[in-house]
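Please go over the structures that come below.
Note that subunit A is present in both complexes that follow, paired respectively with subunit B and with subunit C.
== the complex of A and B ==
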């Protein structure tokens, strides 16, 4: 699978306006989206079409494989008074480095694995951390990857709204950081929403218009997808300035 | 000269359309002559509608292929049965119009004596129908007849009402509008100043003639004066939500700051490396570069 995307920024003051415009264009109400992203390092999964799966020819190579930043995305629900709660929606995300060259949109290999986690939640084991529950629910190959994942200290929260416009997924969100004193975000309790700190103090929102295509090698599908995204970009001109970004800003390789 | 497929298709199309138009004209004519009693006017109007539609279709085709059709030339092949189909052959070969059509063309291509009238109608006195002088009378009667309905529509505010008369009668609360906004009560009658609108001009309420006739209702004038003070617009509460989020700033948000560089933020999103660490790394890189340059 490949992900095509365009990104833009919206100042906090025009958030309501932009949400309304999106609602009008897409004909749907904004869907609230609150996610916790746990970033861990592991070698790239073996995906068909991935540019850099280095040891394909020689799997027994002694050379250490390049590690990538993977995300475990946990959907959260906000509780009125208590801390945040994890929902059933848990996904393991892998994104490759974006394709090089002067492309009209950002193109990168994407691989999402949905985890069936509801059973894990049912085990009301207080001693089990969120991470352990996720690991417990993961299928075998991913489980190995999750347990071998070297560093999994980093995490952040993504708070925003999602719209669907034809084949385009529109997300408008901002990034929130963990409360100040969290040594191991993967294993600690989920905080309350108010405790989270904004990454961007101006409160600006990021707008992401993305599309997933199954087969990058079929030119008709690829061209149609790019065209649709660019048409959407043109449609949003003057409201949100959607653009491509430096591919190294989206570099998932771990250094 | 050989015709290509498209041209043959055009000719064929024209032939079909002409056949349809001729058939329709013939049958309508037959109905008019034989029909006793005459058809109801609705059916007559329907016939006329179809005739006009057919002629328009023919005209469209003629216009579309004008270049080809005007340059078209008919000539018989030697194999054409010239003796047995002599009449048809002569018809096809004839360059001039028939005598009767020629007369029609002469008659109708003359500039007509038009009577431009205030009501915008062009009346051809020669069609033997109503005489010119009858029309003002006819229009007066129309105005008188329609006034009762139009007056109700405009003066009582029905024209600007959000609900139809039927909906008002059966009860507004049952009407599904899909709107949360309160459409409010009946709009009040119009102010006199608004009466210069198109609808008024159309019905000619303000013409001097009618004022002279004493048509304008005294009662209505009184009610207009009362409504002068009332607000013009229905309150629009609930349609456009107040932008309160802007009014009350969120805690921890300083909207006066410029947004963070998007590339930096994306780098944080993909790798989890914080801004401070990114800045440190940049500084280190710069320092390393400078050192290299010094050496």
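== the complex of A and C ==
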């Protein structure tokens, strides 16, 4: 599946106004989303129609496969003055490099797989870290990827709101980093919300308008999706400037 | 040869030149009359020989004076330039004035002495003003005429007063208009505020500036209805608010009519329309909203009925019709859902019919289900949308008619089963058989858990079940009813006999016959148990036989139960004892049995 994106920025001072505008346009209340992203390195999955389908003629080719940054996204809930709690929505996300060329929107291959955390252990079980639970719950190929030498696990948090407008998902969020004095953040307990630090000190928010389409090669679907996104961009003209970004800024290849 | 010398002809001395030429020559020669004085010139003439040196002297003197001037005042250079510029400006102005005066005089002259005037007049004036058009006369000074002057002064005062009066009047008119505008605006905004205070949403009309409108529609309706849900608020000339023309003027409402055998036995209530002039603005808006809601409800019902034609729903010219049982019988009730204009049906509103409550309930349930469908729509579109694919989802039909039909079918089936049970009960009572029955009723065990409309709607969507139990002589027969419109039309009857045998029927008649047979079998079994080992029971035919060794014949006694005819009978080949509607024996069942035996 492919994801079509447009991105924009909103300063911290106008965030509330933009939230109200979105609420008016979409006719729904904002849904609060707090997520923890755990990033690990693995080769690209073999997705049909992907930009990089592995070489079938020469499967034993010795060139090292390009590794990408995959995200495991864990939904979190915020307790009143307590540590964050993980909910049971865990998704394994893969995003490929965006298509080159002068495109009206950012187009990239996307793959989201929902992981079912087994009910055998509560997510608040302190003896097992979140990462361990995820690894335990992952299906076999994913488990191999997660445990094979992916020692460099990074993590960050994403705090924001989500709206749905016809087929477009609108997210307005900002990135937060782990608290400072945690040695291995990906493996340790979840901190409290107040302890998280902003990545961008100005407190600006990112707006992302995205759509997922099933088949990139069918022009009816693709053109309809691009048209809808561009119409939304036109609708938001004057309020939020939505645009494509340089594909290398969204590069998920691991270096 | 004598040499010839040609001498040029003597010519007249060149003209002295007009003053203009002289002046220009002097200016070119000496600079513009800067240091030219009579004394200096005379000096020059005296010192002719030293003309050049005096020139240079003059220049030197000029320079000296310049320098002295320069040294006398510091930064004089800029001042000098400024002074020079100022002087030039003054000269320019003076030149201008002089030329204008010249033009004036020449224009004047052109009347009386054209040639003289023409030579001195400038070209532009000649172009713009025809020559000879300005003349002059000499007048004597008029003597002072006091009276006339006083009159003039009076006239002037009067004229001034008149104009002042007129401006005062126009100011007063403006003030009046302003006051009335303010009054109208205050009234208008007061009314708008009262509308918003009552919860209506007042907003800007799309596409029309300077006009407000009130929204009374529902966001989650089908597009053709949500578009109609906004009405403009126009200001009337006296400052009040008028709703846009046509809104709320022909209100409609949905009405449910129950009919049995062609006659109406129940009608749901429609809102009454008060006298138009008394209706407040808000009442009209409310009427408009109710009418829109009912119209949408009717529209959705129509859409649904088209898909449910196989279940016996039909649309006639009036509205949507369906029967409460699958069979045509005089018992069956016909339900008609129609959209009526409130003004068309005012006459027959007073008549109260027996099943009005049921009709009103049906109408309420339909409206509740529509609101629930709206809520479901919001929930559905608040979730992350699925990836775009070629499948185009048509607008799903909202389940409004189906739950109502299911409810009615269950209700009718329950009535039938209860009728049957009570008839059997009376038959058994006539035969003095102790029995107990539990009538079927709606299973309302979850009623305590209802916290809101959503729970209620959830219950409406589920399948309906009820149970009826008939027990006598220690045996129990259970009849279960279940209605769901998911699979098939009609109620599913399940008969559970004592031996656990389960049979399912879709028609009440089949249930009846089967149940009759089951009851007869049970009675036969009971008799057999009472009678003893010698008797054998054929359960299926409710027959007990005893092989009589004496005659070699067998005695047969069988039980018949016929609820249709209302008959319970104990038969032997020779005799028949029956209880029921036709003939009733006063024996108990037991006594009858003994009678037949002996």
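Assume the second predicted complex is superposed on the first by the 241 of 255 C-alpha atoms of A that agree within 3 Å, B and C clash if a C-alpha of one lies under 4 Å from a C-alpha of the other, contacts with A are read in each partner's own complex, and residues count from 1 in each chain.
Just so we're on the same page, a residue touches a chain if its C-beta (ideal position, glycine included) is under 8 Å from a C-beta of that chain, and two chains touch if they have at least 3 such contacts.
What you see is a predicted model, and the numbers here were worked out from it, not measured in a lab.
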Task = Would you sort A:192 into first (subunit B), second (subunit C), both or neither based on which partner it touches?
result = neither
Request  = Once the structures are superposed on A, label A:167 by its partner contacts, choosing first (subunit B), second (subunit C), both or neither.
outcome  = second
Query = Regarding the shared-chain residue A:1, is it in contact with subunit B (first), subunit C (second), both, or neither?
reply = second
Request  = Give one of first, second, both or neither to describe whether A:200 is in contact with subunit B, with subunit C, with both, or with none.
outcome  = first
Inquiry  = A:95 in the overlay: touching subunit B, subunit C, both, or neither? Say first, second, both or neither.
reply    = first
Remark   = Per residue count on subunit A, the busier partner among subunit B and subunit C is B
Key: Overlap of the subunit B and subunit C footprints on subunit A, listed as residue numbers   = none
Inquiry  = Considering only the defined contacts, which subunit A positions touch subunit C in the complex?
reply    = 1, 27-28, 31, 164, 166-169, 211-215, 218, 220-221, 224-225
Task = Over in the complex, which subunit B residues touch subunit A? Could you list them?
result = 243, 245-246, 250, 252-260, 262-275
Message = Taking the touch rule as given, give the residues of subunit C at its contact with subunit A in the complex, in rising order.
response = 219, 378, 381-390
Ask   = In the complex formed with subunit B, which residues of subunit A make contact?
value = 7, 9, 11-13, 15-17, 37, 39, 69, 95, 153-156, 158, 175, 177, 197-204, 206, 245-246, 249-252, 254
